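Going by the order they are written in, the chains are A, B, C and D; count residues from 1 in each one.
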Amino acid sequence: MVNPVLLIALPLLLAFVSIVFKAYKNNLLVFGTLLNAGLVLTLNKGQYIIGGFQPPFGINLVLDDFALTGILIINGLFLVITLMSLEKLEGFASVLLVALAGLNGLVLTGDLFNLFVFLEITAITAYILSSASKEYRYAFNYLVLGTLGSGLYLFGLIVLYAVFGTLNMADLSVKMAAVDASQLVLPSLLIFIGLAVEVKILPFNGWVKGVYSGTNSLVGPLFASVYAAGMLFVFGRIFAQVIPLGTYLRTSLVVLGALTLLAGEVAALSKTRIREILLYSSIGQSGLIAALFLSGLVFVAVMQLVNNALSKAILFTVAGQMADSTGTDEGEELQGAFLEHKIAGVGFTIAALSLIGLPLFYGFISKMNLLFGIFYSDNYWLPVVILLGTVIEGTYMVRLLVKLWTPGDEGIVSEKAFATERPLTIQSSKVMGIVVLSVVLLIGGLLPAVIQDNLTDSGSLLDEVTPAYLFDLKGGQ
Amino acid sequence: MTFDIVVILMFLGAFSAYLISKASLKAGAYATTVFSLGALAVLLMGRSEIGSEFSVLFMNFEVTVIGWYFSGVMVLVYAMTSFFNSFWMDKMMYPGSYNFLYLFSLAGTLGLFFASDLITLFIFWEVVVWSSTFIIPMGKSRRAAVVYYTISSIGSMATLYGIMLVYRISGTLVIQEAFVPLKEDPLTATVVFVIFVMAGLTKIGIFPFHIWLPLAHGSAPHTFSPVLSGGLVKMGAFIAYMSVAILPAYEAFEGSLKIMGIPLQLYFLMILGAISIVLGTLMAIKQEDAKKLIAYSSVANGGYILIGILMMDQLSFAGSMMHLFNHAIASAAAFLAIAVVAYRTGTTKISELGGMIHRMPLTYLTYLIAIISLAGIPPMGGFVSKWLIIQGLADRGLMFMALAAFFGSIGSFLYVFRPLAAVFLGQLKPEHEHLKSEPLMMKIPMVILMVLILYFGVLPKWLLGIIGEIQVAAGIEPVMMSGNTILAVNGVLNTLNVFMIFGFGFLISLIIFLLMQKSRRVGLMDTYTSAEFIYTPELYHYAGAFYAPFERLYQNHPSVEKFLGAIAWKFHELGTVVNALFFSHKPAVTVFWTSVILVMITLGGAGI
Amino acid sequence: MNLVNFAYGLLLLLAAFVFQTTLTGINRKVVARLQRRRGPKFYQQFIDIFKALSKGSTTHGWVFDFGVIMALGGIMATAIFIPFGPLKAVPGMDNIFIIAYVLAVGMLGMAMSASGSGNPWASIGVSRALTNMLAYDIPFMMVVFGLIFAFDSSSLSGLAAIQREGGLLGWNVLRFPLGGIVAMISLQGMLGKKPFDSFIAPAEIASGPMVEYGGRHLGMLFLLHEYSTFIEVSLIVHLFFGGGATVLEFMVKYAVIYTFLNLVSNVLPRFKIDQAVTFFYKVPLAMAVVQTFLIIFLGMGVA
Amino acid sequence: MTTNAKDVRKTWEKIADYFRAHSIWMKWYCTGCGAIEMPPTMTSRFDMERLGMGPMATPRQADVLLITGYLSAKTLRRVIYSYEQMQDPKYVVGFGSCTLNGGIYFDSYATMTRLDHYLPVDLYIAGCMPRPEAIMNSFDTLIKMIEKGEAKGWKHYQENHEWYRRNQLHSLKEVYVKDEFHE
């Protein structure tokens, strides 16, 4: 019954209100995120037309399973992350409200130009948030590259509009499908690059290093899980459902995604700072998910996306908090950091293991499904890349975990005395948030049906892949 | 019915052990003993229920003979080692978590051995890997855990690929059915076989995946090394068994080139096994740390087990299955003995010890019996199994495997003797004058293991009976026994007679000894010194570089560790290169790459 | 297995002792003649052993005693397994691998006892002895492996009987000459005769493992030495020289081989331990591998 | 009863003494001179092995301690150590005049002039140096002594240990097992 446009309008409204009532802006933010999260649960699927013009002429919101999963993840994680790091808001409350609106809009919109608008709104909030680290140079880099991406996206859009005369997604997908895909390489590629900047596909992701490596416990998880999830949902929407890719372009882009995965993992392996490790891991995961979307495996891509978003929220929160309270996130200097923070440590561990895809955690379920999916699309090389990536990812994650849990040099028994003396504090709100997210990961791993059922139909807008390959968790066969 | 309860109970037991540890560490440690002993009891009593099937959550299980046998070995090792846990509670960084992970990994192995579909198998495989990964760094090395995890995950990821491939081909994950279509397609079968067996190879520590063993076994907590070496390594043997027996490799590779009746694919793996034997032996000989030494011996023994399993015949296979048990308990006993020494002295370096027999004779005896079995000398269990393997090799005429087996066999005398001579015998150091003997709780498992090693060396009938059942289940001729005589096609072995004659010889020898004049007891320092006076026992103790002349012969050996290390470093460098190429703080670089990609893909697209 | 077997075993042990010890005495005489000396009485070896047993002794702890008892016991048990010509104390127990491994009990016992004395010379000697063993045993086992494959039997008396069927030319040393040479060289190593005697080198490591022994311990080690010589030479007689249809035949073959090795030993200098290893792995091992290859892949000399 | 038991032991001892007499293993303690006289005695010219004699590597294995040449305070200490490491029954043979009375070094401050003050010498071989013939001759005597049960020095040492120990300590001026580097 509730119109999903409220998800966009309400935060925007609250953002304007918060500018007026500066004193209450944090409360307004909490109120807005809570309200949004509550609203998500009451939504019904369907098409919502804004302004009375029927599509393809008017603007419309599409709330299918895919979008529903998207806003569920975005609003849910946004809420948890905000609540975890309220003390880090520092006047970003209004920006965050705008960001929430933008992200919801991204996922919900059914129109490519509308999407561009939301993309810009979201990007602008991201630029602002990235300046929270006081490294304005990196924020500026981000701004430059983000603008470049938007520009290319817009350019691609113009070409499409010139050819097909419409920007409505459903309409466009039908019209584009009728044309030989090889003639649409340029606009598809332009749109791809435009989105790839935000999705962090190699080599368009030069900004990530600077921006992510300085994030605090609020901005880090927001970027790595909420923003990343939002952008990937858009990416999936467009490339799995709207723009049909020719074999050539599809293969090239999947290769690019696979390369991103490998490059990200390999780069993470060579790093020692926790946030740097995590940011490269994020790049790798983005590459993987993008490759899955490009292969048309929407369902498993969403599963992996959820896994990545949940895990990264925990990981970046802890890493950001470490950097915030101790002034460093160098793994070597934080040896044994979890000794005094066991719950957060366990959460961090669960998140890391889930990210690697180890059993008992949700990551395992998603990794199994995505591998089965890829095999069923008769692609035998991508699993090799993914498994290689998993090995590398496991290596650096375990290396990091071992360091954070058990201090001590090689050759001597690990002892409490070797633990770091830096004063690490983790607020109870963060601990609680971490517990909630880890429990979700655990439940997803042990009783996958709970998460599964909410995702089952999210690949169904164009439904080119029926999820028949799904590893049936109840039968095992 | 009992088995599903065991699996679930063990997982619950892991959590309860953690909770109990929060109340009292010692109690938590005892809980590990109680739970693992309980599992052992249930396993032994539930033998009649072999063949039962059950499901937990989305995982499916079936109790097979081989699964039962493997889990019995595993639980036995865990149960015996768990007696030691309580002594390290105050030394351990995370004692509660240790107890938790200890039982958790045990539960994982149970699930693994009972799995009836490939995904369940893989799930428990990974559960065991990650749970043990977090125990290892509580010991002496953090790097060990990482190397262990990496090597394990290389294997398990390869196996996962194999599982996927099998599923794609056969459309089922049930272990008994999944491999059936492969018989018609030897090429795919080869690919599946090679990648599927990888996890097994990494876990047994077959060359070139052996590098994690000495690192992890050598530096894990003293209470976990026995489990790693005696127990977890055997998981690899299980995978190897699966890939040969369930695939079934001999049928699938019927048409391929054969060497002495062994398909080339299997022969290649056997050669890897043979290399492991030789390499494990050579490396064990030169180790300066007792635990590393036994770890390398595990590499060598893993080679035997692998070769035997790959033979899939009446003798060697039975020998290999039995060796698996013998090595498990003997290596656990040896590690436990070293653990006692480490508990009392705080070191496992051979050259820092000596004369421990004068302080802890029972430990010495445990170690002695364990190494007699490891070296395959009668009347211990290890002899029977090695005899079977070698008779089987002789029957087939696999001379290069036999060459390695002989080398490993004789070489094992060298390396097992080294800790015996330098840790337990020789001069007692002054600082160890006042060491106390081993505590009672440590004596219990050591005595049990000693008795078991001796018992199965003298009366292996029961054990070989079970192995016969396994062989029947795997579709090969079971090992023949009449009374206590093992009947091989090319020789017989009556272990009881060997034992009795040995006892007879010992008796005569004892009588001669007792008939003669009583000896005068002198101190250890009253020895022949070319009439020189000596005062420093630690200098009068031959421990370091024990086999120096022999070690010199291969000191410049090529090292696969260096090679693998170089590969790891190359990945590291690649990461730096990627970083430098693509992740610059200058946006111009990104713009440059963007235009490159744009141009390349567009031109490529236009070209097509 | 019943008491009769044990009685036979005891008799066999006595016979082996008397035979081998006399032979050792005679060989001392032979060697003396070779060096243009008169040499000791032919029963000198008995006197030496009994004298040693009659003397007082010192001990360094229970493992020092226990090791010696275990060593002699193990070697005696092995000797019981060995068929004395056609005579066998326990039928069906003369499996070559059993003998090879039971033999190791004795080695281990002695090594243990020697190290238990706390004297580093002993440990050095043991380390050399074990290294030596790693050198000579592998070529030997390799050849034996070939024989077992060729005749599908690993019983000493069985292998000997098969050889006797073919008359003189049926002897394995003639059928498989390479293997025969390897076995003889290995036997030289097993017996610890020159050039492979660096582990007891009296002048540099004070007789190695034996350094701390005196009195009854030493006497028992002498017994052990006689028995292990008996076992090792018998192995070769059975494996390569057709064993013995009669006790006399066996004893003659035995005596000839033993004396021959002794003569060889007395004209050779001593290898360092690493030289011995290198030698064994370069020459006899290569020969053994070639021989086994010929047997297994070409069936040369088998039928 | 006691005499009977003594007789039985005596028979046993007689047999043992026969073995001991005909199998004499020696530990040579050569202080400088005298060592050169041993090889000819051992090799083909005189062939001591025909008497069942031979050199041994360590005192534990040896029956006879053959001390050649003069002894100083430094070497005496080691000779005593070696002697005490030997197994009973053991015999001491003093070789050359120096062991008897100090020989040409009789007036040196460091020379021990009378070996039998410190160890129970069963047999002296006089001469400077004694030729191999003399050595063989004395070995013959030693064999006969042992066979008859007359070589009882080791028992004498046990019974008069106090006296020997006093002499040793007197001459060595220190605890006899202590070495000069450790005081």
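By definition in this document, a residue touches a chain if its C-beta (ideal position, glycine included) is under 8 Å from a C-beta of that chain, and two chains touch if they have at least 3 such contacts.
Not measured: the values here are computed from a predicted model.
Asks: So, comparing each chain's Cα centre against the centre of all protein Cα atoms, which one is closest?
Replies: B
Asks: Let me spell it out: compute each chain's centre from its C-alpha atoms, then which one is farthest from subunit A's centre?
Replies: D
Asks: For subunit C and subunit D, what's the span in angstrom between their mean Cα positions?
Replies: The mean C-alpha positions of subunit C and subunit D differ by 36 Å.
Asks: If you average the Cα atoms of subunit A and of subunit C to get two centres, how far apart are those centres in Å?
Replies: Chain centroid spacing, subunit A to subunit C, equals 75 Å.
Asks: Can you check how far apart subunit B and subunit D are, centre to centre, with Cα atoms defining each centre and the answer in Å?
Replies: Using C-alpha averages as centres, the distance is 58 Å.
Asks: Among the residues of subunit B, which ones contact at least 2 other chains?
Replies: As it turns out, subunit B has residues touching two or more other chains at 526, 528.
Asks: Counting only residues that touch at least 2 other chains, which ones in subunit D make the list?
Replies: Residue numbers touching two or more other chains: 58, 60, 85.
Asks: How is the touch graph of the chains shaped: line, ring, star, complete or other?
Replies: Contact map by chain: other.
Asks: Mind listing the subunit C positions that touch subunit D in their complex?
Replies: 28, 32, 35-41, 44, 47-48, 50-52, 54-58, 202-203, 206-207, 210-215, 218
Asks: Could you list, by residue number, the parts of subunit B that touch subunit C in their complex?
Replies: 260, 355, 357-358, 361, 364, 368, 372, 375-378, 383, 386-387, 390-391, 393-395, 397, 399, 402-403, 406-407, 410-411, 413-414, 417, 420-422, 425-427, 485, 489-494, 496-498, 500-502, 504-510, 512-513, 516-517, 519-528, 530, 537, 540-542, 546-547, 549-550, 552-553
Asks: Spell out the residues on subunit B that touch subunit A in their complex, using ranges where they run on.
Replies: 57-60, 91, 93-94, 117, 119-120, 122-124, 126-127, 129-130, 133-134, 137-143, 145-146, 149-150, 153-154, 157-158, 160-161, 164-165, 167-168, 172-174, 219, 221, 571-576, 578-579, 581-587, 589-591, 593-594, 596-598, 601-602, 604-606, 608
Asks: Which of the residues in subunit B end up touching subunit D in this complex?
Replies: Residues in contact with subunit D: 526, 528, 531-533, 535.
Asks: Any idea which subunit A residues touch subunit B in the complex?
Replies: 137-138, 141, 144-145, 148, 152, 182, 185-186, 189-190, 193, 202-210, 246, 248-249, 252, 256, 263, 266-271, 339, 349, 353, 358-360, 364, 368, 371-372, 375-376, 380, 383-384, 387-388, 390-392, 394-395, 398-399, 401-403, 405-406, 408, 410-416, 446-448, 471, 473-477
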